[in-house]
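Consider the two complexes below, in which subunit A is the common component and subunit B and subunit C are the respective partners.
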Partner chain A sequence: MKKSIIVTLFLTLVICALPFVITPFVLFMLTEVLIMAIFALSLGLIMGYGGLQSLGHSAFFGIGAYTVAVLSEHVTSIYILIPAAIVISCLFALLTGLIAIRNKGIFFLMITLAFTQMLFLFFRQSDLWGGADGLGTSIKPNLGFTELGSPLSLFYLIAAFFVLTYFILRLFVNSPLGKGLKGVMENEGRMIALGYNVKKYQMIAYVVAGGLAGLAGGLYIFKTQFASPDLFSVHMATTVLIMVFIGGLGTLFGPVIGAGVFIFLQNYISTMTDRWSLIMGLLFIVIVLYNRGGIFQLVQLIGKKLLPKKNVFAHKKGGTTIELNESGKAE
Partner chain B sequence: MDLFTVNLLSGLTYGMLLFLMASGLSIVFGLMRIINLAHGSFFLFGSYVAYAMISRGMNFWLALLLSTMSVTILALLIEKFLISRFHGNEASQVLLTLGLIFVIGDATLWIWGGDFLSIPVPSLLDFSFAIGESSFPIYRLFVISIGIICAVLLWYFETKTKVGMIVRAGVDDMEMVGALGFNIKLIFSAVFLFGAALAAIGGVLSGPILGMYPKMEFEILVNSLVIVLIGGLGNWKGAFIGAILIGIIDSFGKIYLPDASVLLIFVVMIIVLMFKPTGLFGRVES
Partner chain C sequence: MSLMKVEKLNKSFKAIHVLKDATIELKPGERHVIIGPNGAGKTTFINCLYGTLKFESGDVFLEGKSIKNIPSHERVKLGMARTFQKNNLFVDLTVGENIYLAILSEKPYKMNFFKSLSEYADIKRETEEMLLQWEMQDRKNVKVKNLSYGEQRVLEIMLALCANPKILLLDEPTSGMSPSETVRTTELIKKIPRSVTLLMIEHDMEVVFSTADRITVLHHGETILSGTPEDVRGNEMIQEIYFGGGARNHA
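The block that comes next holds the complex of A and B.
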């Protein structure tokens, strides 16, 4: 708890200071990075801590975005719009979770993908909310006492949500609930034997992740003021999956770093060539092939090389050292 | 009644195209425990290659053969250099194929552009027959019969040949098959290539009916996934029943419920999965 508060305060300080040292264009990109970081954090929660590989996480992002875009015609208060985006995404997570959580691994991946494609096709075909053309809005974040118009104030608003998300998730993964979730991922059979209701743990994580992705989607509308069916696309779901993988699974900072690296890469490469999609695919394959731990692990490895420490996972047994791998099995 | 027959046949045509795609997906899963997400890309790549050949004046049947072969070679390279490196690590294998979707998809966009393309119906089959007052193109009937022939061949291979016996044993216990002295890696490669070839045939045959356009692979992939989820993963029979079901539902949905037709197949999937999480013909995982 104490460490979480210190890390969060440090993060807040860095983010508050950032706009003074960067150009407006970088600020514009950083705003997007923070939105995608919330999105990637939510996926990182169920993938890195719950072991649930979802290829349909864009569903919640899209739902959050459309909730804000549709409701903004009637209400402007951010205190209604953002909670609405979160609640509706949570509800969708609850409903789809009832079917998806019953399955594991590849089945979970396929079912989440099917649900996302369902929403994508529905929003593209339906005339209800703009159809394939998407839905534009002129909403600006209305805090009740003032309306935020400048890019800088938008950055701070989104940064506040980001820090809050990070803090809550940090508490979540360190809580008994989060530890139980990780236990389910690492050894489901043992957790069942210990009397844990494993599906309940996965369900809670899935709903929390859905709500946070909905939050990211809602914030996205404040930035772009445009909701399109493409938000539900497999492309979007893959994008966030790649961010989590670039950054590193099983950490909270990983997905944040991943989102940053991804968006800066995307912006710079897109100015040079139209073949971003091809490069993104190749990048993803290379990451899967060579570096499963992502950038975060790479940094950790370099850190370990520079600061040699005693390996806490090495156990002495009969004079020989047995190294333990990630899953705790002796190699 | 005539309209009903025409719709039924259209649904069957679409179902058979999806069957060619989904059966490969399902067999590969049964043996290797991976879902090849790039399977839809094989389908689309096959039809683009055939388009390139036919638009330069090549015979339809020769183009069908050559594009199936080129997709098989592509699948061989992917299996050899990427997927086989992660033997036993299913999560990495699935994610690799996800990356491949974007690489293959963007490469086809680069080569053939983003326009809607279509392959002309081969002249041999370019006529229709009458059902009462409506007419139905003979080419679609041909596609249905190809689907049925493939199903019969799959049944024959699976139950009557030695190769089928090894594959069936592999679905049950791959390690045991290896211990008995069969080359598991070779069996994996062969089944993977066979699945890719089926997808390519489906892709070329769908050229005159569905056409080709960018991001089509996602639609085909998701429909096939829905089929194998409904039918049960790991065997072609589930894919066959599921494909017919989805094809017919899609066809009638477009007529009677045009607004909700895209949702219909997912509703069916949800209902099936609610009552039978492993699909209609799926086996309970231990």
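The block that comes next holds the complex of A and C.
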């Protein structure tokens, strides 16, 4: 736990310092990165630690977004809006999870896809909440004592939620519960024989991931002020899936890097060419073919290559050795 | 009093009647070995006892209580554990990680969310003890997929013992082992304390006769005889079925 606190504090410091060194445009982009990072973290949890391949994770993002967008006509306090987005996504995860978790592999994937498609079509074709046109809102995050209007304050608000999400998930994957979950992914039959209720582990992970994706969706509305049925689309689900893969499946911080790389490439390459997704596709293929652990593993490998030299250096100076912890940061 | 009693178990896979009124009784501390030719239904029998498979009729009693309807993951709490005929391990994890997963299943904090697993001292200590007892200390940080086959078989047994079972079901613990590995594993099995009752399937006759207190012979799904090793050795019908009836002797 101590290690988790140190790493999280370090992360907080970095994020707090960022706005002082970047341009407003990059800040704008980073805000989106952090939202997508929360989303990708939640998918990374069930995929990389739970072994549950989902093609319907956008359902929770969309639900969180619509919850905030719809409720914002009546309330403005984020103390109601954000918890509402999380709770409703959790409930949806609980209901669909009861059916989806009974299946494995491709069948789990197809069922999650089916649920998401149902929501997509419902929000597009019904007359409720704007239908296919989507639902606009003029919501600004109301903290009770003040209303956040500037892009900078919004960045800090979202950063706070991001850091909190990272901290909770870090505790989760290192806790007995998280280790058990990983065991279920590695060998479900053996876990049953050892006396674990494996469905319970998968269910908990699925609901936690659903809630966090809902949180990301809710925060997304504060930034874009517009909820569209496209949030439920397969395109959205695959986008986050690609982020997780590019960053590194099975690592905690990987999806965060994936979200960052994806959005930066999207923004920068699209200024040069309309075919930016072609380049993203190439990157994706290279990673799937040659580096399944994603960018994160690549960084780790390079780090390990450099490590012995550093150790010798540290030894000469009589200093401490440098160790790579689970998230790959040197401590 | 018997620790475990299985009464007239029947199990079919579609048209094939695999177990026919299979019956067995285990006394506390006993080393009980099931033998029988290939296809006799031995593994099916173990799977039914452990709840991995459902059966049509009959009943399984543990300390006098029927456990027929208890799901297999809850049987560990009642003091049952099993190994598998084919290795069934966490191959991408290290030996140490395999063992702590097995120990963790018995801990009250196994669903704890906030504290890191590495901060629990008891699980660390018990893992070390287990490794020491089974002479695997130097393998702690080796990934299971990089172990030799024999070592993996031993790890199977270790994982099952981590839950401190009253009764341990071993499905061919020495299958596929080299002769020297078989000898080593047999010695380790003999060292399992008598507080653990063993029910074992085994083909290797040397292992059978050197470990068994009682032997049950399963033939075409029927438990045709249950007795001491001497009873079995002297029984002509068994000789005929097991060694002469066209079945291959694995020893």
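By our rule, the second predicted complex is superposed on the first by the 299 of 331 C-alpha atoms of A that agree within 3 Å, B and C clash if a C-alpha of one lies under 4 Å from a C-alpha of the other, contacts with A are read in each partner's own complex, and residues count from 1 in each chain.
We adopt the following convention: a contact is a pair of C-beta atoms (placed from the backbone, for glycine too) under 8 Å apart; a residue touches a chain by one contact, two chains touch by 3 or more.
The structure presented is a predicted model; accordingly, all values stated were derived computationally and were not measured.
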Aligned on subunit A, subunit B and subunit C: do they clash or fit? fit
For A:I99, is the partner it touches subunit B (first), subunit C (second), both, or none of the two (neither)? first
State whether A:I111 touches subunit B only (first), subunit C only (second), both chains, or neither. first
By the touch definition at the top of the document, which applies to A:S175: first (subunit B), second (subunit C), both, or neither? second
For A:E73, is the partner it touches subunit B (first), subunit C (second), both, or none of the two (neither)? neither
Considering only touches as defined above, state whether A:G183 meets subunit B (first), subunit C (second), both or neither. second
After lining up the shared chain so the two structures overlap, which partner does A:D133 touch, if you call subunit B first and subunit C second: first, second, both or neither? neither
Which superposed partner A:E147 touches (first subunit B, second subunit C, both, neither): neither
On the combined arrangement from the superposition, state the nearest Cα-Cα distance between subunit B and subunit C in Å. 11
What part of subunit A is shared between its subunit B contacts and its subunit C contacts? none
Which residues of subunit A touch subunit C in their complex? 1, 3-4, 171-172, 174-180, 182-183, 186-187, 189-198, 200
Applying the document's contact rule, which stretches of subunit A touch subunit B when the two form their complex? 53, 55, 99, 102-103, 105-107, 109-111, 113-115, 117-118, 121-122, 125-126, 233-234, 238, 241, 245, 275, 277-278, 280-285, 288-289, 292
Residues of subunit C defined as touching subunit A within the complex: 50, 52, 72-77, 81-82, 84, 88-93, 97, 100-102, 104-107, 109-120, 159-160, 162-163
Looking at the complex, which residues from subunit B come into contact with subunit A? 29, 33-35, 82, 85, 90-92, 94-96, 98-103, 105-107, 109-110, 218-219, 222, 225-226, 228-229, 233, 259, 262-263, 266, 269-270, 273-274, 277
